[in-house]
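By written order: A, B and C. Residues from 1 in each chain.
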Amino acid sequence: MTDLRPRAAAARTPLAEPGPGDRVCWVPPAVLRPQRTRWQRTWPLLVGLAITVGLVVLSLNVGAFDLGAEGGAEMFWITRVPRTVALVLAGAALALCGLIMQLMTQNRFVEPSTTGTTEWAGLGLLTTMVLVPGAGIVVRMVGAVLFAFVGTTVFFLFLRRVRLSSSLIVPIVGIMLGAVVGAASTLLALQTDMLQQLGAWFAGSFTSVVRGRYELLFLVLAVTVAVFLIADRFTVAGLGKDIATNVGLDYQAVVFTGVAMVSVATGVITVVIGALPFLGLVVPNLVSMVRGDDLRTNLPWVVMAGVWTVIVCDVLGRTLIAPFEIPISLILALVGAAVFLTLLLRQARHG
Amino acid sequence: MAERTPSPAGVARLPVDGAPAQRRTGPFRTARDRRRYRLVVAALAVVGLASTAGILLWGNEAEPGSRAFWLIAQMRVGSLAVIALVALCHAFATVSFHTATGNRIITPSIMGFEALYIAVQTTVVFLLGAAGVSAATGVGPFLGQALLMVAAATALYSWLLSRPYGNVHLMLLVGVVLGGGLGALSGFLQRLLDPNAFDVLSARLFGNISNARTEYVLVAAPIVLAACLALWLRGRRMDVIALGRDVAVNAGLGHRRELMVTLLLVSVLMAVTTALVGPMTFLGFLVATLAYSLVETSSHRRLLPVAALAGYAVLALAYFVLRHVFYAGGAVTVVIELVGGIVFLVVVMRKGRL
Amino acid sequence: MIELRGVTKRHSDEVCIGPVDLTIPAGGITALVGPNGAGKSTVLTMVGRLQDADEGRIEVAGRDVTRTPSREIAKTLSILRQENHFITRLTVRQLVAFGRYPHTRGRLTLEDERYVSEAIDFLNLGPYETRYLDQLSGGQRQRAYVAMVLAQDTEYVLLDEPLNNLDMQHSVQMMRQLRRAADELGRTVVIVMHDINFAAHYADHIVAMGDGRVVETGSPAHIMRPDVLERIFKTPVDVVDGPQGPLAVYY
């Protein structure tokens, strides 16, 4: 076993040495990882799981309401449990969404908020509110998911049609697409006097997550499970239509599935919680920085790291200026922007 | 499209039919392109002048020539001056930015200028409250804010471009991400505002030509004119810069230095216009795209004035129609943003390379 | 004369060029050959000051390329890289006229127009001079770029893989025209190229690089020997006598 160690270490550094042309490709897992015993593979996951449980318990115990007081148990079930469940679901799903999109585009800087998907979901939500006044949460969600799907498709069409001189152009165009859609949302909100509400939606927050208002989030659990089942196909699709077809993969179907999964997760999370910027960008990148680009064994870590990030940011938001709350989207945007910049400069230095 | 391959080397070159007696290099390919250029300039001038006349005269009830008539007209001249300045800023800034970055689909406003502007405005309203906002108006704060934005841009550009591995794309993306971070900060502060203060803030944020403070015009005009003149004088250099870094260095230009100077002038223009009427993301993109498709020339000295003229015509026409015909002056910028955004979508989806 | 002394360039921890010591004589055609990743293009772009060297000195006609004002260098040396994509739409003549920029700063005199016309005619582009570049075939476009650097009227002309994307006919045409540029116009032409047989036929000097260093320099006759070629390309190469000189054969 010992003689394999250096190879394992070498396999962990691809991010530091991106190949020519900026586009960092995922190396097929089998090439990289030497066989390890079952226990060697399992114990880090157990540690990760323990951290996750610890953070969940922490989240359950943080809040303005004293659980020991009268009605504490009831409050626990009405607010704390739903909030924590929502954190776990949203963190896991969005981190995986980012990973899927990065696999499919072979671009490290792509995730729902750098492709316009989030803004499209917001526009969908707003449009539904205007067209169907008093619409229930399910109707709004359908609107958001549909618009998110349209937006993500637009982005993928753009990628297919345009030859790019630099991988950095991709998020720039994505963010500009988001700006166009955001301008449309603003116009709509301005005309219908919903500007401040629009701002509130976009500032994602778990404050309003209580029993009866978050159950739709379990939809994203389905997305999460699905990613685990078919993640490898996204890697192959990311190598391009020709290679995918060559190995017998229905390229269109895989891309459609990927876009649909991202749209469902983004749409649902936008309606229930709001925008959680950069989460899908930061988490997968940090995981592969630490562990290397081995998709199969990274998946559980991406999920756990997504959950950790969201819970830590949410707990910070709840405690920093208690009894008030800082929306998690602000903390995520600041932390995310910082990590994003670090990644950018890091890649620039090595690429 | 691909012509038949020319005669192989060694065979004497055939005389060219219709080749001009004296071969000269001009900004236009053919005399037709030159005529078209003049026609476009004339047409845009007519639209601009007609809209100007419309804005001055439409619904001016007083008897033409009387003192009251001129008073009303004078009040409207302020709006026209703002329109002219905004058009100049966005047109010159965007065309120059496109050339400097070698990319014709991005707009300088995405570089976090708006985000910085919104963050400053939000912070002022947040700290001073709705009542204290009046303290933040006047020429001093106007200049201060413009200066702050130029300083921020300078710091960013020089830091990023001076790194050994610095490149334009990296600089753009860093600007965009920084803008996102600032946007989050503003969004958070806005949530803490009471609805009154929020109304005041959104009135200030959403660029409004009829809302622009005309006392700024006298301060802004010389700055804008000087920056535009400087850019125009650099037109020939920009013609070379447009061919990319390698060609520019081969031609003996200090590419990084040229880029820095251009971007600084761009940031001056963007700062002034944002402080004047608030953020407008797609106006510059709209008029630059219009100019590229209306006239067939690669000469910046010819392109820049067309873009500015197009900007003035578009803005003045929109203002006239929306304010004086439909009585919806506040929607001018929003409508232009939407049109510009749609044009952006169309351009992005066209096949090509970036 | 182009002189490189102790020139190094570090791309990343693994990829490192140099130290390169090299003298390229004035006059004639010098071909830079070698396997992929040998550092040919890097050396060329450093000489053309498109990239800075990390260490060492590069002198062209006795002047240090990094210290001398870029505008002055542009009157002695011109460089053309393989990838050229512009955001503006230019005619052939407009493009070639940019070659005069170092001399005129964009203000063309009648004399400049004469240089431009000559460069266009030299590359047989006269019939196409009012065409837009995107209306030309790949070979014609490549010639237009070369015409631009010829119009610059510099003693030294550096070309990075000018035969890339050209078919057999156009490669031959291009090399003949470059040969004429060296012979009739007295330019010193330095070309990065892949095909050793092309290099041997058209070049006066060959500089062979490998792993970031100069492996061998000399006349085509000196380079075109099985042992030398095998050392350069790291694969067995036979040399046979062709009708027009030695030919490298490798399978």
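Basically, a residue touches a chain if its C-beta (ideal position, glycine included) is under 8 Å from a C-beta of that chain, and two chains touch if they have at least 3 such contacts.
All values reported here derive from a predicted model rather than from experimental measurement.
With centres computed from CA atoms alone, B is the chain lying nearest the middle of all the protein shown.
Farthest from chain B, judged by the mean position of CA atoms in each chain, is C. A separation of 40 Å divides the Cα centre of chain B from that of chain C. Centre-to-centre separation between chain A and chain C, using Cα means, comes to 48 Å.
Between chain A and chain B the centroid-to-centroid distance comes to 35 Å (mean Cα coordinates, whole Å).
Contact with two or more other chains is made by residues 103, 353 of chain B.
In chain C, the residues touching two or more other chains are 85. Annotation for chain A: residues 165 touch two or more other chains.
On the side of chain C, the complex with chain B involves touching residues 48-50, 69-75, 78-81, 84-91, 93-94, 97-99, 101-102, 105-108, 113, 116-117, 121, 124-132, 135-137, 139-140, 149, 152, 169-170, 173, 176-177. For chain A in complex with chain B, the residues that touch the partner chain are 109, 154, 157-158, 161-166, 168-169, 171-173, 175-177, 179-180, 183-184, 186-187, 190, 195-196, 199-200, 202-203, 277-278, 326-327, 329-330, 333-334, 337-338, 340-341, 344-345, 348-349, 351. Considering their complex, residues 1-3, 5-9, 13-14, 16, 19, 22-25, 27, 29-30, 98-99, 102-104, 236-237, 239-240, 242-247, 249-254, 296, 298, 353 of chain B touch chain C.
Contact residues of chain B toward chain A in the complex are 103, 105-107, 110, 163, 165-167, 169-170, 172-174, 176-178, 180-181, 183-185, 187-188, 190-191, 195, 198, 202, 206, 281-282, 334, 337-338, 341-342, 344-345, 348-354.
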